[in-house]
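Handing you this structure, nothing more for now.
Order as written gives the chain letters A, B and C; numbering starts at 1 within each chain.
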Amino acid sequence: MSGDVGLPISHRQRLWLYALGGLVLLFLIAPSIIIVIMSFSDSTLLQFPPQQWSLRWYQSYFQSLEWRDATIVSVKVAIMTTFVATPLGTAAAYAINRGTLRLNGTINALLTASLIVPVILIGIGTFFLYARIGLNNTLTGLVIAHTVQALPLVVLTVLSGLRSYDMNQERVARSLGAGRVAAFWQVTMPQIRFSIVSGALFAFITSFDEVVVSLFISGGETTTLTRRMFNALRDQIDPTIAAISTCLIVLSVVLLSVAQMFGRRH
Amino acid sequence: MSIAPSALPISMRRIEKRFGSVAVLRDLNLDVAAGEFLTLLGPSGSGKTTLLMILAGFVRANAGSIKVGGDEIITTPPHRRNIGMVFQNYALFPHMNVFHNIAFPLKQRGVGAAETAERVEKALDLVKLKGLGERRVDQLSGGQRQRVALARAIVFEPRIVLMDEPLSALDKGLREHMQIELRALHRRLGMMTTVYVTHDQREAITMSDRIAVMNAGRIEQLDRPETLYATPRTRFVAGFIGESNFIPVECRNGSVWYEDQRIHTAAPSPAPGQHLMVVRPEKLRLLTDAEPASGVNVLNATLSDIIYQGDSFVCYAVLRDGRQLTLRDYCRSDVLARMPAPGRPVTLGLDAQDTILVAAD
Amino acid sequence: MSVHPTLPRDTGRAGQDLNTQALRADARRESLRLLALLSPSLFLVFAIIIVPIGWLFWLSLFDEAGALSAANYARFFEQASYIKTFVTTFRVAFIVTGACVLLGYPLAYMLSQLPRRAASICLIFVILPFWTSVLVRTYAWLVILQRKGLINSWLIDLGVISEPLPLANNLSGVVIGMTHILLPFLVLPLYASMKTIDTDCLRAGMNLGAGPVATFRQIFFPLSLPGLASGVVIVFVLCLGFFVTPALMGGGKVIMWAMRMEQTTSLYSNWGAGAALGVVLLVVTLALLGLFQWLLGARATGVWSSR
């Protein structure tokens, strides 16, 4: 069936379009692929394709205390951010979806503010604030800052789940004798859990990949992986970063596939 | 009809509901007797669904009182009202099978497993779905879903059952079948006061003990179906229930006049001034010359069209003032044969007891 | 007349609404419940975004001596280095946005015309980089573009050039890196809006005698403009505040707005000046988004949910 193909124009007439589109796709994906391949190179020189293969850069990543500590910090922060941002964002999305509050529009704008405000301004502002309350270079500070950045994604994802959910279900549950909390847990929650899981994955990766704010507010014991990478890239190009990058790419692929899988089942 | 002692009456007083500056319900008063099947009938936007939602506790009124068996429930949260509800789209829980859907209200009330199984079984039996407990919701047909929703709403023996257009998603044949079944179920259960919302007047007439016709946030008339049909009190009710012709009449000196023709009425003569005479199409007759009747109003008109509809026929006749009247009759062999051709003058008869007068807006 | 204390005060009084007070109290309780659900999130956003930005704005109003002055803002018009930063920033933003349109439009068009399966496979190639860390992608471009990078080695090996081309650590490196990072922000909303264009409209156009080119130009293109515009605004706004790529690929020569803010505050600890830069950046960002929203009546933030 060619029912979903736009127009009665043959694919042959469109070859130029496919060629152009294909090149742009290549432009988008090639850098990641090159990095993955180069991470298995044996050479300190940047050769592509590599002459000899090895896992030395992975060894160098896993054996370096600095990199390992930074990775652990990032994982910790991302997990904590996920566990804070997901319930907060879900609760907020639920309240916004009810839509009965007078300031609903303003609240929505406030919660998604971190998508609009330039990240550099959030970074400087957070650093400035943390300097006064002693939260710079702390895990708590990182988790709070990352939560604020992850919140809009959780709110938007859960909100879109709630919008396609029939609120009459919760009403009928109430009429059948379930209290507010029981109706949410037994009826609403099981039906929007895919959105909540997607939101949680987004929160995790937002925190894990966050660079700019972490540059300002993390350091010392709590240096995040991204901050260390940024500094390393400023100095010199160490192929160890190719190995780390490959790990990050794999993480993205895995999280995205999980989100996609949940989306399809939904 | 046997009314179980647990049936409770509902008394709604001075209900007000505004959405922003728009008044949806205005000073609404309604009493539902214990065990009664009462229908809220009205066009969309008349406030009938809002009233139902206020009754269920999903929408908060701005003012008013709702008493169920004497207890004020206007601020009681929905889950403590003990009111069963069937939604238009059924709102079955898709992540639970039929059994767990129906067991849901029992679980909330802490009913034990054995009793739950027994009561769910009974409810399934009652709605003729015996043995379907393990089915997933998406494996059911529209009619079956409707029955599950119904079973779920009555399994916990609520004091009141509310239904919001529960049959509107079904196709015509099934809908008519379910109307009769719902009615029978209501009789069998006996103890359940039922408030039913629909915009379908036929459905309302078929099923209800009484009908409250709603328009623009008010109850226009509350009566038994036959009373409502025979003596609508407002133009809106006359137009909404059944078909109607409206003829402007004037009341002066204690009698009713259509232009310069005196109209015979059975009802006591109304207040002086302008009125509308409601004429049901099936109450109009074609008069032959041989019938000089007394007590029958005679209207002279010109026949404009006859439409054959199988069991019945409809004809359109135009009065002297250009007003068009509709007449409906059954196709008995002699009637249709005696019909004059379109364009010919006809005389229409209307018995005095079939005249209905309503206020002219 | 005394009223029995257990009765609600307003029952039975003629002309008075029944239970109004109880219902109002109930409504208030409901609102408070919803607010309770919102308050942790609102508090965090308020504390981390609103308060510091307000504080910075306050700081920007004072000069180094602590006197109220517009010095921090006047500087932008007086000092050549600031003017240069703004010029560079807007130049990069315009070039990157233009490049994103040139690359993104054909891609989105192709995606919208492909059968669903093929389109969703191709979409993975757009979404995956979107979800890959900005650092990883900037690093990749450094590897590819730098002096001894892949492109230069290839070109020298092939004998096309004898001296390496200056691809990284300058404006071209910044532009290429940022285009790569921001392209999905244009493609995703554009693709979403192209999918909503009714194919019957196009069929009707062809049926009425318009050739494929005319159909595209007169029907498809105008209908895709709102999606294009929202993508353009997002890319442009993100360019203005972009930090990572120019910082790593500009070689210290391309100073953009966000870098300037970082330098002013971290390097020179001049909070007033840095804050003033931030305030102007925020105002420009909001103004552009507001202008866009006003022009199109569209929700500029809506496209973010496609992420």
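Just so it is clear, contacts are C-beta pairs under 8 Å (C-beta built on N, C-alpha and C of every residue); 3 or more make two chains touch, one makes a residue touch a chain.
As the structure is a prediction and not an experimental result, all values here were calculated from the model.
Asker: Sort out for me whether A-B or A-C is joined by the greater number of C-beta contact pairs.
Answerer: By the number of C-beta pairs in contact, the winner is A-C.
Asker: Please name the chain that ends up farthest from chain A once chain centres are defined by their CA atoms averaged.
Answerer: Taking each chain's C-alpha mean as its centre, the farthest from chain A is B.
Asker: Taking the mean of the CA coordinates per chain, how far is chain A from chain B in Å?
Answerer: 55
Asker: What is the distance, in whole Å, between the centres of chain A and chain C, each centre taken as the mean of its C-alpha atoms?
Answerer: One centre to the other, that is 16 Å.
Asker: For chain A, which residues are shared contacts with two or more other chains?
Answerer: 180, in rising order.
Asker: Could you say which residues in chain C touch two or more other chains, in rising order?
Answerer: In chain C, 30 touch at least two other chains.
Asker: What part of chain A is in contact with chain C in the complex they form?
Answerer: Listed in rising order, the residues of chain A that touch chain C are 2, 4-9, 13-14, 17-18, 20-21, 24-25, 27-29, 31-32, 34-35, 38, 45-48, 88-89, 91-92, 94-96, 98, 100-101, 107, 110-129, 144-145, 147-148, 151-153, 155-157, 160, 180, 202, 205, 208-209, 211-212, 215-216, 226, 229-230, 233-234, 237, 241-242, 245, 248-249, 252-253, 255-256.
Asker: Can you tell me which positions in chain B touch chain C when the two form their complex?
Answerer: 13-14, 16, 60-65, 72, 74-75
Asker: Could you pull out which chain C residues touch chain B in their complex?
Answerer: Where chain C meets chain B, its residues are 11, 17-20, 22-23, 25-27, 30.
Asker: What residues of chain A sit close enough to touch chain B in their complex?
Answerer: 166, 168-169, 171-180, 182-183, 186-187, 190-191
Asker: Help me check something: in the complex, which residues belonging to chain C touch chain A?
Answerer: Counting only chain C, the residues touching chain A are 30-31, 33-35, 37-38, 40-42, 44-53, 55-56, 103-104, 106-107, 109-116, 122, 125-129, 131-144, 146, 148-150, 153-154, 180, 183-184, 199, 202-203, 206, 212, 215, 240-241, 243-244, 247-248, 257-258, 261-262, 265-266, 271, 274-275, 278, 281-282, 285-286, 289, 301, 304-305, 307.
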